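The chains carry the letters A, B, C, D, E and F, assigned in the order they are written, with residues numbered from 1 in each.
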Amino acid sequence: MISAMLEIQALYSRYADLIDEGPIAEWPSLFTDDAILKVVTRENVEHGWALALMSCESRAAIEDRVYAIENLSMTIPRRYRHLVSGITAVPNGAQGWNVTANFAVFETIEGQPTAAFAAGRYKDVIVREKGALRFREKISIADAASIKNSLVFPL
Amino acid sequence: MTIQERKWNQNGTHRVPYWVYTDQDIYAREMKQVFARSWNYVGLEAEIPNAGDFKRSHAGATSVIVVRGRDGEINVLKNQCAHRGLEVCRQDYGSARVFQCPYHQWTYRLDGDLSGVPFIKGVGGHGGMPDDFDRKDHGLQKLKVVSRHGAIFATEAEDIEALEDYLGPKMLKLFDRVFTGKPLRIVGVSRQRIPANWKLMFENIKDPYHASLLHVFLVTFGLFRADNPSRTEMDKTGRHSALISQRSANPLAPNAATQEMASFKEKLELRDKRLLDIVKEFPDPATVVMQTIWPNLIVQQQANTLATRQIVPAGPDAFDLNWTFFGYADDDEAMCARRLRHANLMGPAGFVSLDDSEVMDLAQRGIHVDPERAAVVEMGGRGTEDHDHIVTETAIRAFYGYYREVMGL
Amino acid sequence: MTIQERKWNQNGTHRVPYWVYTDQDIYAREMKQVFARSWNYVGLEAEIPNAGDFKRSHAGATSVIVVRGRDGEINVLKNQCAHRGLEVCRQDYGSARVFQCPYHQWTYRLDGDLSGVPFIKGVGGHGGMPDDFDRKDHGLQKLKVVSRHGAIFATEAEDIEALEDYLGPKMLKLFDRVFTGKPLRIVGVSRQRIPANWKLMFENIKDPYHASLLHVFLVTFGLFRADNPSRTEMDKTGRHSALISQRSANPLAPNAATQEMASFKEKLELRDKRLLDIVKEFPDPATVVMQTIWPNLIVQQQANTLATRQIVPAGPDAFDLNWTFFGYADDDEAMCARRLRHANLMGPAGFVSLDDSEVMDLAQRGIHVDPERAAVVEMGGRGTEDHDHIVTETAIRAFYGYYREVMGL
Amino acid sequence: MISAMLEIQALYSRYADLIDEGPIAEWPSLFTDDAILKVVTRENVEHGWALALMSCESRAAIEDRVYAIENLSMTIPRRYRHLVSGITAVPNGAQGWNVTANFAVFETIEGQPTAAFAAGRYKDVIVREKGALRFREKISIADAASIKNSLVFPL
Amino acid sequence: MISAMLEIQALYSRYADLIDEGPIAEWPSLFTDDAILKVVTRENVEHGWALALMSCESRAAIEDRVYAIENLSMTIPRRYRHLVSGITAVPNGAQGWNVTANFAVFETIEGQPTAAFAAGRYKDVIVREKGALRFREKISIADAASIKNSLVFPL
Amino acid sequence: MTIQERKWNQNGTHRVPYWVYTDQDIYAREMKQVFARSWNYVGLEAEIPNAGDFKRSHAGATSVIVVRGRDGEINVLKNQCAHRGLEVCRQDYGSARVFQCPYHQWTYRLDGDLSGVPFIKGVGGHGGMPDDFDRKDHGLQKLKVVSRHGAIFATEAEDIEALEDYLGPKMLKLFDRVFTGKPLRIVGVSRQRIPANWKLMFENIKDPYHASLLHVFLVTFGLFRADNPSRTEMDKTGRHSALISQRSANPLAPNAATQEMASFKEKLELRDKRLLDIVKEFPDPATVVMQTIWPNLIVQQQANTLATRQIVPAGPDAFDLNWTFFGYADDDEAMCARRLRHANLMGPAGFVSLDDSEVMDLAQRGIHVDPERAAVVEMGGRGTEDHDHIVTETAIRAFYGYYREVMGL
């Protein structure tokens, strides 16, 4: 259990690092083939509305999203910085874990100061696949209903 | 510089002086002469399906409560207690039998009438309100309301024309294309605070010129392209408009037009193709209709994603954009899933609209670089007539034609 | 709109136009005509018990240093170096022999006199201050100071009446009820930045009407209730006031009055009863006295919690509220513990005052919803006389009567 | 020691989760019967002033506070989000640990963006009671002297 | 590995605590004699510019910096609060670890509210020296190019 | 108060009214009458060594692109698309063949000329720009540019004198002392947002009086001290100035002057002495030269650290300070290491300049405490002549002499 916990923590570190430091092209490798990724606001969750800010129903869709971030979108240069706290893993019977954690993300737009961008909750499912822990479900729930202009990277 | 000194030097609107985006006095005048005198979109009936359901919304920049009364009618009330002014409603959505101000528990019916004033007759013979205090004089301020096929509009203007006349026949027809009267289903809401003047949002949607150039997604997959069959239409005042376009038959073929689009990427292919698994659902051949309705609404149909976007001005330098994604109550499971998937194109992280929020940010910043200059709005000429193509800024010019008139500029 | 165009249409003050809470020019005029001409509370002597002890405080919105001189006297000095304007004092509390500006080490005595100017005579025959430079002309600006029974007041007004006359006999008596002259003991300080106009804080405390309705804690435990024996009193100008009330004998019994209080919860019982373990400590039967002293002080006695609240305006839309909780030097250990416990009722997280900071936030927001409207202040009539009950807004009306006068509105 | 550390970290996660995600009614169960809870500002600590923003001298008082939060107070809807870092536990001889950590709390008021609300220091005492780790003392020291309007939940 | 990880985490906690809570005079003891300390902005790193906001090429220089902070600089009283997340340690062959982590620092100036001050990335080298883990290299990379007025303490 | 009512009551500039640091109208006038009419420093050529290299900079508060054209010449262009105003450049540094606005892909050559307008002739016979649309009229706005020995200046003023005349012979000589024409090497950049009026930065550097008192580092190690051989010089207009000083032979000896410096610490010794391992690199005996060049540049030589500091105003209450540390292309390894080490003295965390950013913060705060007062600037008399010492504020007075003139105050 202790080493599993450290391994889970390491997965969260790598998740954040690949967004914050890159290369984000490697980030989809942290997900299973059939992974679900959603970035949502609490407002929608509380109303039972399915809408997501980002919604991927497969690793292929996650790869599409990452490709778009890197190649298709016109965005002002910026960087996110993730802080994750209170990672809690509960074995889910299906040889995986239901994992929750709190997150905060800071944004630094080129030429501007660092600012708090979002805070919220992860509600994830992690499994071991091909020897490594991966996300089968990654649900990032932002506390605020409103986004500061654009959401360029995942939370 | 005072507003009196502000002069719009040119005739016509092929130049737009940058102070309309930055000046505090212009903003204050807009609140009174644009928003207070128009039909403001405030929400969808499907957001508040049952008696007592309410949402907090805005008419212009004014906080209002949109609530379904016991009779099923929609009321739109200013969110300001008649006693000493508190915001009575503190939630974005909810359900209530009455609205009760927390401070002294003055209680308002769902139609805004004041029903209860604690200690109105005093306590034990002491105090209370004056004898001539009449609760009828102290309700929440009510706006005039109309709902058309599930979309709710409200206004402070007493003497305004009917919504149908306000939209005019062309715009009404396009409005009814999406709001057919069929019951709607809420898919969800997205909200953005965009650091730009509210008019830049309208310009963005009234501007098919950019769509072919900025949006790689749209262009490459032929969802919207300069060489697609398209129309740009306005109502007779020029305040409303619609861009109507039809997806390319063979989206991936490069041609003369795509050569001018730096954003065109021939080889792009999705790994999960469900994102663009589009099903035809309207009788006409249009695959995208983006309608802008003065002064605060965008109605969007792009692929199978339907949404209203409500603009809430927040000073000259920012606005909130509130998206309500919806479908129809009779959507089958596949269509529900499809609408969700297509929603990836839109909102604060949309494959398409993300580009737009970024350029609006850049526009507001750039306008401040030299506020003495003016935008050059001459694509497609200098007139304001309808065009049967989208290589034009005519709808922007038409918008500012009406704007100059109501603003007295 | 300019301040000249601002008109307070009604006679009397049973209507308060919302622009008094939002207008920048009104705020600027308040600084000059309200705060600079009044006795401003700046702290308690017990905060600076020894020679050299100082605290940073505010007179109105002006940063001042409150310092005990070597002679034991209190000086109140503007926190602005006479040389090139730096804030000389950078700490909220401290102890010093002199104040030395960090920039060029100009040194001020604790009474504000300039005692040292480095290189005043130059260095090696070079430079230095002009011959006619007189240190006497360049001290820190001194305010007029008075301390009454340990509470310190300061003013920029040269010709102001004595504090005792300023308070008037009724208010002086209530002031002396808490500030008896017995040495005080500091329990601690709390600070809040409240996003509301400073006058809303006074209205809140001058408004017994809300206490019976908003505060479940107060109501249910009978700490303050509309049917308790109570009085609302003003000085003869109307600028100061006090609410005086007596706890119900049987706090939990519901009656006719409680039926009108939606907030009344009959069955509430504390699990740790020490929170309301109240001991009578004043000779009169009053259990709560909330006194407001123009322009920036609230003196609070509620249960066994004693506190001053200093109001520091920070623009029309915000103020800082600085609470100093205190007891008496001769409090025994049980009383010390009790005051701490009762402090749970007050401050930014207070079981009671939390409700108030929240409603002030809602009030300021709501006022902005339609700033052309006015508050309706008619509970207990339209007059400004004292009342022997608390079902009244008379103290608010009286406050604005004096406010209109000094503001010339 | 390693498993104790993980258990302590789990207590902090649960402390934050029950405030941020609820149900806050279960939150008092993380305290011993005789627990002391204080939320204070550094200004008071440095002056030796005993005043607290929230002060509970028993779990019963903590339950009263939670009851008030849920039922008695009139508050604009909001949510806190805790991030905890640098948890350091030192055995205290009395079969417990003195634990310190840094915290940051973000606040999201309904209709408003997420904003940094407070940061500061925990200085706690944890003991094992009835099989579980619980707080015997929980002292949250906010760095700033001033609160942004209201303090609705504990830090 | 598990106990090494906890020990490394403890070093980061102590690093932050000695800045945030003091005594900062003990903070240099976390470094080797030949330690390198740099606080830099990402802008300089990305351009290959060597400039640092703070640059120490020895523990002696770190001690000089700490001495200056405590005794020589005229600064408005303030406090930093560090949050560290995603500590990742990779053994570097030289009996030490290359360690990365994300950080956020909040600043509280006397009389002002707590505010986000900086966020960024640690890229460190840790070795065991005289029985304790110490930093041989401590590179703090702030995401933003611009500092909010003054940088008083290390990040 | 309107700007018309602002009166600078005193003759001379030994008093500086605090409203010059706080008033929004004064700030707006400064943009037009100070910055737009002067040579603004925008960067070093070494920052953009190759054709196509660009940096985003500011002339006054105006965002500009500084770019090296294909011909190697430097262009300075306003960062505002000629079409609808977007900031064309979104990066602080980069390299480009053209600038392309993201919105509609209007493309500008590196000299600002508009080279491409997509769909300028329409698509398939539809739309396009009017026939009389001439790309020549729609380039990015170009500023007048001059580079002297690698330092780039730009201006909006058509009729401005040559930079050499602008600097005048004395200042030119000092400028050329550092900018000899030898190729430069960029060491790195530091940036600070300082919460103070931009003029306080100039005052700080024009004020040798403080250096002897505030900076323990400078004083104790004799890097700058009131008793060191020193000069304070201005150009003939008074707008530029330089402080020139020579390190003490025996830095640690206390004497009469040090007795007046509270900051002097006799026993201070560095543990890592490399921080002050200074090597003489200029022919003259000066060890520190701090030159201020109207309206936005400081050139600093202190020990072996060389830097420009660019001031970018950001409203009356803040400015950005952008430091570019540099050396010479032929610096050997030891000198490279030395410059880096000495950089510890400077920047947002500098052993010396940290004190300055802190006092500027305190100054702006203190000025707001009583904005009706004025700074007393009388050290070294009330005149504006050069001084052969540094116990003087003469350079500040000279600065405000010119300021009053151009501002019409």
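Note that a residue touches a chain if its C-beta (ideal position, glycine included) is under 8 Å from a C-beta of that chain, and two chains touch if they have at least 3 such contacts.
Bear in mind that the values here come from a model prediction, so they are computed numbers and not experimental data.
Common neighbours of chain D and chain F (chains touching each): A, B, C, E. Steps from chain A to chain C, taking the shortest chain of touch contacts, total 2. The greatest centre-to-centre distance from chain F, using averaged C-alpha positions, is reached by D. More contacting C-beta pairs link the chains of A-B than the other of the two pairs A-B and C-E.
Taking each chain's centre as the mean of its CA atoms, E is the chain most distant from chain B. For this pair, chain C with chain D, the centres built from the Cα atoms lie 30 Å apart.
Spacing of chain A relative to chain E, judged by their CA centroids, is 27 angstrom.
Chain B and chain F have CA centres that are 45 Å apart.
Touching of two or more other chains is recorded for residues 2, 74, 76, 83, 85, 104, 110-111, 113, 116, 145-146, 148 of chain A. Across the assembly, chain C contributes 90, 92, 102, 193, 214, 355, 358-359, 362 as residues in contact with two or more other chains. Chains touching one another, given as pairs, are A-B, A-D, A-E, A-F, B-C, B-D, B-F, C-D, C-E, C-F, D-E, E-F.
Listed in rising order, the residues of chain A touching chain F in the complex are 74, 76-77, 110-111, 113.
Touching chain B in their complex are the following residues of chain F: 62-63, 78-88, 90, 100, 102-105, 118-119, 122-124, 126-130, 133, 138, 141.
Within the complex formed with chain A, the chain F residues making contact are 56, 90-92, 102, 193. Interface residues of chain B, counted against chain F in their complex, comprise 18, 203, 209-210, 212-214, 226-227, 257, 260-263, 355, 358-359, 362-363, 365-367, 369-370, 373, 375-382, 387-392. By the touch criterion stated above, chain F contacts chain E in their complex at residues 92-93, 186-195, 214, 216-217, 265, 268, 270-272, 274-275, 320, 325, 336, 340-341, 343-344, 347-349, 351, 354-355, 357-359, 361-362.
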